[in-house]
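There are two complexes below, and they share chain A, which is joined by chain B in the first and by chain C in the second.
For the complex of A and B:
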């Protein structure tokens, strides 16, 4: 760990909500609308922070702890991602597993906070979220194992910088399958369109939105910021593999990764505008396919 | 040239997995066509490099598997009004899992086979051929409509020719062309069969045939 590692971390914290703005702007362009300002997510968060929260009498401390713990867990997972040529703030052997399960903790607290409201509606959303993430987790994990095998390291700080143009030439087929699998995981984990529609409030289609329906004020600001950070975390993970620019000059490397994440956000916007949401029963097939791709990429590498 | 072969085989495995998880018949037909062309590409990258044999073979394979089969099969599909595999014996989620299992099994099994490494170009050939063959068989037994079963048969054949084409010495051109002719006739007959089954029974669920008493 170096003192300068704090720079990319702070940049992530500041830029994360902007990625949401990029997605919405791309969708607005596709729909021929003017669209909300790019900085809308920041406005929303600051507005929510100034408001008071309403708690129902059936809820317990779990409901209040949920958003804060989730945000904390996502913040922790972000410390393990190295990007822009800087080492990660937190790096040790095996942090690959810790990274995945810290994200799991974030999800777990969102889910039990939703269950704590005692509403059947939120329970339904929680059940769906748990089902889909249980299938998405192996895909993410196996992808990380593939990278670990490729770069022979067990820490994100050695694995992610280890992916370079040379590794792409050596194991291109394997890496492209991996990126495809992670793209599906990226969309599923961030509740984007083929899996979940972030805009809809219909009970038949909602997954993430339904779980956070009862949160208000600062709690909801935590959730909004947490989900934008999660988008950034997984985006930075994928961008590290997709755009392996390692020039050594901090400025260019940082710019490459930021560009990668925003390009991913733009692609997400295009997918959201051109694809329909999958039927709920078909969603597990899509995510299972991501898992199959991860396995294939691992098998191609190990054989 | 080995990396080219390996990349082609990786794409072949990818199409295998897609096939197992796809329910739209037209999509399946075009995937199998892509597979056929990929297999035709293999001899172009074989260790003895490009020779008249591989070029002739590539052209014939492209014409047959890339153009004729898809056209015949889509016509059969349209004539019987079958658009998608609705209720396979094995659901699509499970199919994908089984496909992954087959893949792992083939990679494991290919290592056990005592094949001299000088005979086969690259380490990917055996597992890819084995996986494609097994997935073809799996498609035949797990799907209900006759069109998908024909596709399974074609995938099986793709697997067999993958093995034949990527080996160093290869199979003589005459035998390969004879094989292709066989497959061509088989697909043709099967397309007619699909049409006839549909005319008799108003659907192409092949499993209902097993209730016939003879």
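For the complex of A and C:
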């Protein structure tokens, strides 16, 4: 751990909501609209932070704990992602698993907070969320094993910076499959099309949005900020592999990763504009395909 | 006699006293429960002393029957399992004292007899060093738990469950008997000290022993497809007994497998593959079946199958590391498996006690009727939540630490060369990740449906929190889940001793090979502390913002619908439905009822049942066949005692004839 590692961490905290703005701007361009301001997510969060709160009479402390625990867990997972040439704030052999399971903590608390309201709609969203992420987890982990095999490390801070242009030349096929698999995981975990539509207005078809229907005020700000941070965390993970710029100059490396995350956001926007959402029954097949791709990328390495 | 056997004597004495004083529920309860508590406390102290000092004990008990002297001993492996048994027994006894109050006196007294005998037999099993004493303890354990399962034997389901259990456990014992007879006659002695000589008889003999150990001990442990007794027996037993059976009794199977491996040594790779295969199947199918259950205790029982699968996965990688000479992987695999034994005892014990508390308060185990208990039973609810998070492997709780060790073993294997090592490791990573995700789904369902929302049945509304005898053990177990989750570093040295014991290495070698693990365990503790800190900061920030603002209570937003009722909430079955649909091939659920028809549907209903494929396709046909076979032998059943005595005499004569 280095003192300077706090720089990329703080940058992530500040820039994360902007990625949402990029997605929405790309979608607006595709639809021929002017679209909301790039900084809309920041405005929303600050507006919510200034409000009071309404809690359902059915709920207990679980409902109030949900948003703060989820945000805390995502904040912790972000400390384990190294980027921009800096080691991560928290790095040790095996932090890969802490990273994956801390995201599990965030999910668990979002889900039980949803169930705490006793609303059938929120139960529906929770049920879908746990299924999709249960299938996405092997894909994410097996992908990390591919990288661990390539770079012989057990920590995100050795595995991710270990991917360089040389690695791409040596194991390009395997890394491409991995990136494809993680792209699907990225879309699924962040509730984007083709898995979930963040803009839908029908509660029956929602996943993430319906789970947070009852939250309001600062709690809802935590949720909004938490999901933008999660998008950033998984985006930075993928950008580290996709854009392996390791010049040693902090400025260029940081810019490269930020560019990578925003490019991913733009791609997400393109996918959301050009693809339809899958039927809910078909979604597990897509995510399972991500798992299969991860396995393939590993098999190519084992030979 | 060795000192570690004194708690066993205490347990037996207290049990018999409780049985003798059964006419008074009060006296027998006090004698039985507090005898168990005191003996267990003494046992914990002795086991801890052994594990910290690390000096094995040896001793011999002289006996006048054949196989005269029976050796007993305690090493790190026994010491660890003794610690787990006594720890959970102590808490289960205290809980049971509160739980059994108000049950019929005579039966309560007898149940304390069986309860204490169950603990005593498990402890004896761990110190036995001779096939005869081992099998005696094994059989006592099976019978004691059979009587405990049949506690409420006026109910048909309970009688059926206890019979299934009795048959299953004896089928397992049959394999063990064959194994020990084969092993003992091969090496010429039933003393465990002579057992390692099986190595001289080549891989074929070792293979026979290994397969029969897997079948015999695997039945007790609950490996798929020998698990069928678990989901029957656990729900039928009183909850503190289920906690003990699921938390520690099934681990005697794991202990015995570890002991068998220790005695044989030098495993071929296919043993490891066997364990990984069985572990992956038990783990995934265990959690999938758990998801489909409506009965809370059945759900927990299937999760035992899942967790035994995780333990088997760890043991498999430990064995593979051994076969392929990868010491780091071997140590990680075995320590993960051994630590998961402790962890599963802690959180599954906690969850069964919680289930008992819910059952005690509401009289209902059916998830579809429960709901909203968090407000009525805050201690049970909060501790159940901690247990649920722990069993889902979430940090900073204990389940995560043992799963982390097993994952790390697999990472070692996945980055090595031979395919025999890489493929099992990949199977493990994939299945453990899937198991983790599905377990989270299942416990989000269980916790959410029982404790959150509104009661789905008005009768639940009168529920109340249990008394301190029942809540205190749950609080202690919940605290222990945190303690192991954050203090993994402190447990490291104990695991080193146990693994050194299993693999016949010196503790120094094991400690040297796992030195780097300290950093990882410190990292986990640090991350856990970081999680608390961050959540604390966010909570403080939120509360600060809300101070002085309008915070109001309102009904749940139901998308505009004005009159929602509690029956409209999402149920356990509907929550699990997408997952059960995905795994329909294994689940074979049957549904019947009247679907709503037409524009103005009248009364309609839906019932779903999940049949275990192993029962339906394998056991039922097999037992029907056996029944037909044995019906022909009914001519021998006269029902008169003297005829049976004659049978015994004739058999003895025949045996003598063959022997001469």
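Assume the second predicted complex is superposed on the first by the 302 of 303 C-alpha atoms of A that agree within 3 Å, B and C clash if a C-alpha of one lies under 4 Å from a C-alpha of the other, contacts with A are read in each partner's own complex, and residues count from 1 in each chain.
By definition in this document, contacts are C-beta pairs under 8 Å (C-beta built on N, C-alpha and C of every residue); 3 or more make two chains touch, one makes a residue touch a chain.
What you are looking at is a predicted structure, and each value in this text was computed from that prediction instead of being measured.
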Pick one for A:234: touches chain B only (first), chain C only (second), both, or neither.
neither
Comparison of chain B and chain C by chain A residues contacted:
C
Let me test your reading of the model: by the given contact rule, A:128 touches which partner, first (chain B), second (chain C), both or neither?
second
Could you say whether A:295 touches chain B, chain C, both of them, or neither, answering first, second, both or neither?
both
Please indicate which partner A:284 is in contact with in the superposed arrangement: first for chain B, second for chain C, both, or neither.
both
Classify the contacts of A:56 with the two partner chains as first (chain B alone), second (chain C alone), both, or neither.
second
Starting from the residues of chain A touching chain B, keep only those that also touch chain C in the other complex, and list them.
284, 291, 295, 302
In their complex, what parts of chain A are in touch with chain C?
49, 51-60, 62, 65, 67-69, 71-73, 75-76, 79-80, 90-95, 97-98, 100-102, 104-105, 107-108, 111-112, 115-124, 126-128, 130-131, 133-138, 140-142, 145, 148-149, 152, 154, 203, 213-214, 217-219, 222, 280-281, 284, 291, 295, 298, 302
Taking the complex as given, what residues does chain A use to touch chain B?
172-174, 177, 284-285, 288-289, 291-293, 295-296, 299-300, 302-303
Please name which positions on chain B make contact with chain A in the complex.
6-7, 10-11, 13-14, 17, 21, 92-93, 96-97, 99-100, 103-104, 107, 123-124, 127
Contacting residues of chain C [partner chain A, same complex]:
371-372, 374-375, 381, 385, 389, 392-395, 400, 403-404, 407-408, 411, 414-415, 419, 422, 426, 429-431, 433-434, 436-438, 440-441, 444-445, 447-449, 452-454, 516, 519-520, 522-524, 526-527, 530-531, 534-539, 541-542, 545-546, 549-559, 564, 566, 568-570, 574-579, 581-582
